[in-house]
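Naming follows writing order (A, B, C and D), and every chain is counted from residue 1.
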Amino acid sequence: MRALVKATAAPGMALREVPVPKIGPTDVLIAVRKAGVCGTDQHIYRWDAWAQRRVVPPLVVGHEFMGVVAAVGQGVRSVQPGDRVSAEGHISCNYCFQCRTGQAHICEHVQIIGVDRDGAFAEYLAMPEFNVWKLDPAIPDEFAAVFDPLGNAVHTVMEAGVSGKMVVITGVGSIGLMAIPVARAAGAAAVIAIDVNAEKLALAQRLGADAVFDARDPQVVERVFALTNGDGADVLLEMSGSGQAINLGLAAVRNGGRAALLGIPSDDVQLNLAERIIFKGLTVLGINGRKMFETWYQTQALVKSGRIDLTPIITHVLPLAQFEEAFALMQQGKAAKIVLDVQGEGR
Amino acid sequence: MRALVKATAAPGMALREVPVPKIGPTDVLIAVRKAGVCGTDQHIYRWDAWAQRRVVPPLVVGHEFMGVVAAVGQGVRSVQPGDRVSAEGHISCNYCFQCRTGQAHICEHVQIIGVDRDGAFAEYLAMPEFNVWKLDPAIPDEFAAVFDPLGNAVHTVMEAGVSGKMVVITGVGSIGLMAIPVARAAGAAAVIAIDVNAEKLALAQRLGADAVFDARDPQVVERVFALTNGDGADVLLEMSGSGQAINLGLAAVRNGGRAALLGIPSDDVQLNLAERIIFKGLTVLGINGRKMFETWYQTQALVKSGRIDLTPIITHVLPLAQFEEAFALMQQGKAAKIVLDVQGEGR
Amino acid sequence: MRALVKATAAPGMALREVPVPKIGPTDVLIAVRKAGVCGTDQHIYRWDAWAQRRVVPPLVVGHEFMGVVAAVGQGVRSVQPGDRVSAEGHISCNYCFQCRTGQAHICEHVQIIGVDRDGAFAEYLAMPEFNVWKLDPAIPDEFAAVFDPLGNAVHTVMEAGVSGKMVVITGVGSIGLMAIPVARAAGAAAVIAIDVNAEKLALAQRLGADAVFDARDPQVVERVFALTNGDGADVLLEMSGSGQAINLGLAAVRNGGRAALLGIPSDDVQLNLAERIIFKGLTVLGINGRKMFETWYQTQALVKSGRIDLTPIITHVLPLAQFEEAFALMQQGKAAKIVLDVQGEGR
Amino acid sequence: MRALVKATAAPGMALREVPVPKIGPTDVLIAVRKAGVCGTDQHIYRWDAWAQRRVVPPLVVGHEFMGVVAAVGQGVRSVQPGDRVSAEGHISCNYCFQCRTGQAHICEHVQIIGVDRDGAFAEYLAMPEFNVWKLDPAIPDEFAAVFDPLGNAVHTVMEAGVSGKMVVITGVGSIGLMAIPVARAAGAAAVIAIDVNAEKLALAQRLGADAVFDARDPQVVERVFALTNGDGADVLLEMSGSGQAINLGLAAVRNGGRAALLGIPSDDVQLNLAERIIFKGLTVLGINGRKMFETWYQTQALVKSGRIDLTPIITHVLPLAQFEEAFALMQQGKAAKIVLDVQGEGR
């Protein structure tokens, strides 16, 4: 089969012929249709410090996808060939404390497809039945292909709790952008987006942000307070991973507010814990992955209700062979979310 | 001043001249502009068994209202004459366990205006400063006049938690109707309304209900399951107080779901606790009044965001003098919510 | 192997030779050492209305137990022969909404060992690996044999939340008795036990209840209020399943309190929902089984800490062959918890 | 009256004659009996950078105390002369968002007695009725005098949630020490204390810590994991304010655990947010003061139950005149908690 492979310990990727994966008795073989390109894939493409530490080539890359079940192991009961599916890409151990208590998304022994084992930029992919998510017929292919990052946004929004709340989002990359319609659909009274990229902020506004601010504006915290009766935002959704944005975001939250951190800082962050968290009585939540499978149910319910439209965010659908163009567009900041069309011609 | 008074221990009410109420050092005198008519007022009008037990005439009736501050006691700091205000009609003792732990809405010694002490169907009303709510300029008078029942709906919706959830509402009287746009604004993925009144169900649909069912349809529970992937609803908002509706509503909720009970049954209710609550692992919440003042902040934020439009629910605005017409319309089921225009001509 | 069997659709049980159960690739074969006798077993023994509806003979009875792993299927990774284990007796489907969202204890398709499929009063028992719980070496056999009902008590206490709270327990059968040391270990400030059985109440006191009351005392609610500064109890743990006790217990809880219902009423219960739940703003929780496996971790942590001593509750340890004596003792109310010694002589 | 006064903007304090404070209509005059000495008082005594920024001499110092009501304003209803009382020393504004939503402990406009206005090291103290706490007769004077710091410990423990949990405490100054019996009484399965002071760790053990570790031991995180089945602690209570301890404590918590931060770092803290909080899915809670008055009810209930004994922590009770000795003992690390006997001779 054709697959996009990190072939060697060097920058770049290559389209290669590799064997179709084998499945065990509790596995599912999926013919991939569409797959989203993530910042993580770009790290692996560029072969940066993180990728060098974590990834062992050769490896089929990609972890956001949807497709159709091609075959199932003998013990599989919940799906059958022909079913349209996506899947949770975090493969959990099932027997650690976290897995045994409904917290498999923070399993101590997690393996991620496309990072720790072969992934989704390929004609076929093998997944444990446990991880497979059967898609509702109402979900379009292109939206289903990005349930992984959309699920990150949903998980963050739902843990933060936004019903009737004033919400600040710091960082409107593709997940930060998705968080805007998600927060609105989940009941936010208002959404304020903060970033340094004017084009992304314009897109944020099209997606329903009630206000957008440039993070470099020295008055941005005051502006948030002015929009929130002088109290500060109820909720921060931190989607940037930038230390400066984290400090700014925490400053913009009211006493007793909640901050959900999804963006991953690459270095240590210096924090005034006393003023930003302790005296304020803040609740700060680390968010990782998607809850299995509460987040998937929530994501599907919100998309199916028609209240989330990802069309403006999925800026490109390219055939798999044009992967170089995809990485170039991302590198240049010209794309929000790119979906690869594994079997077809894109749009 | 003019006031609508329950003058004697008999059916009916009368428009009378009564003294303007006096205020103490921590009280606020409010010139009432508009006031909502509630089912409770109807009970007092009809002088039913509940009213005979609870109400001691003579009494100025009415508890839902908005107006303008006319005067303040010397110790009052948070409002001043001219401020547009509404107020929480449950006057709490401030020193019981509940009041001392942020649960003043379930104060053991609560007194309700228009029930236990003089109320809002009058040109002037005295309220403790603690109870007064300063209105955001963006809130129209007629909406502000019904923040009390709207707050009941918000309280119920927020305690139940509806973000991304499938919600069933049993009973679409005026509060049940309000709960539809509230639940949608608060993030419900879908809202199903159940009642026996076809007109109210039609109004429910206009207000955004995704499906409406006649409670007498013997298949109504199956219909809810059909709309919820066979799982049942995530959340029940019980707004009818009918024993049959409570049983039906609980049957329509999935294992592990939540039921918030606001409707007040007039008699004991027979429940199959084993099948309806215990085996299902349900969480059942009794809802009383509005949280002071979390619910008020939420109500104002949701209305201000423009996501809740009460226009279709406020079917009549009548001058105070036409109170007999108001009670007649309610009696005949021809009105959803009636607002009395205390100072003016109605619309 | 020897097994205690419900052989026919009639009262009684019989010790029989039956085949050792076969295991599949993801199953575990367990040599049972000790097994607790439950009220459910007694229902099956007596062949009452519930048992006639639910149980299909022939069936090996029993669901509370501990033993040693005798063999494992080829796919089993988390335990191995020789491991001391207990197991969750509720076998969940793994793929319904509840199972997929960390609520397997309320799986729509649950099967219970000893009720819906062969159980634990036997030399060997087959269980899915998912259900097996590896025992900490610090847990004595007899305590491990009753982790199922002890887990019911822990689940109820933990969902109710008792840290620093005044707790009322209605019904001190074996689970209600267990709930006393559990609630104390979990942080209850005081525990009040209510029942009609004077011997059980005396045992409740030995187990650490701060006060015990006869449920027939017409002043029992007032007595609870007198012990709780006139506020009422913070928490009710309902362990009796009696409609009268439920009404009494709810009356004894303060406004804003929590009630966790574990006891199973055999008939409908008549409730004054308005006064007991709605006006009070109560939270009522239906409790079923044990959370998989959060409750098991909590149970083990509490027992291992030495803060729960079940010795006074396990009144009898009898060899399996004396099962008739066990049922007679239970019938006469002369036992709290009886453990059957499957392999040995009892004590 | 006699009072301990920060007289000038320089190190030291002085015993002075000052006027008895006047009370308004909603205030209470309290004759102070006993008052605890806090680290904050020591900062003011030493006149360090924080004190120079915050405190404006002359000021009566002290904020932990108990006494007897001497007089009440005309509007006061909940206490009367002769009542034994303590009081919440954080005086909240009553009308900000936080005060109006049950979060007065994080009021934006809080004033603290003994810091922002006259305090408790004096024969008399004026307090708003709202802040006064009527003491249960079962609470000894010396324990009541330290309800403020004890309440900090209770607030931290209760927000973290410790029922059945493995708890790590970093920093066993007087509040960290108090947190040990509090966590045990609140249901912790085990408590592990970490500090650099061997004497404090020995005291921690006497107070019920199940294990104590020197924070400088390079294996301390591994040791916590060894005591928690390799999973890590469920809960961190951070009581030191040290950046190193915060990093160490977060490392010792399991994925999905909770960390409650009470200790105040004097500088920014450098944190590996990715590894310590985000990937772990941690919940981090900033804790400030005591919840009004939930924490006070919990504190009183736990002390009254007899499950918390502060005797080993209150190492000295000195007459007010020996305040210099008190500060010297604290400076030398020779005292856990010192109580000043305002009216008497100490013990």
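Quick notes
Rule of thumb we're sticking to: a contact is a pair of C-beta atoms (placed from the backbone, for glycine too) under 8 Å apart; a residue touches a chain by one contact, two chains touch by 3 or more.
All values reported here derive from a predicted model rather than from experimental measurement.
Graph distance from chain B to chain D, where chains that touch are one step apart, equals 1. Fitting chain A to chain C on C-alpha positions gives a rotation angle of 180 degrees, to the nearest 5.
The centroid of the Cα atoms in chain A and the matching centroid in chain B are 41 Å apart. Multi-chain contact residues of chain A, defined as those touching 2 or more other chains: 97, 101, 103, 297.
For chain B in complex with chain D, the touching residues are 25-26, 75, 77-78, 95, 97, 100-103, 291-294, 296-297. The part of chain C that touches chain B in the complex is made up of residues 96-98, 101, 103, 105-108, 229, 231, 241, 246, 254-256, 261-262, 264-266, 268-274, 277-288.
Residues 154, 157-158, 161-166, 185-187, 189-190, 297-298, 301-302, 304-305, 307 of chain A touch chain B in their complex.
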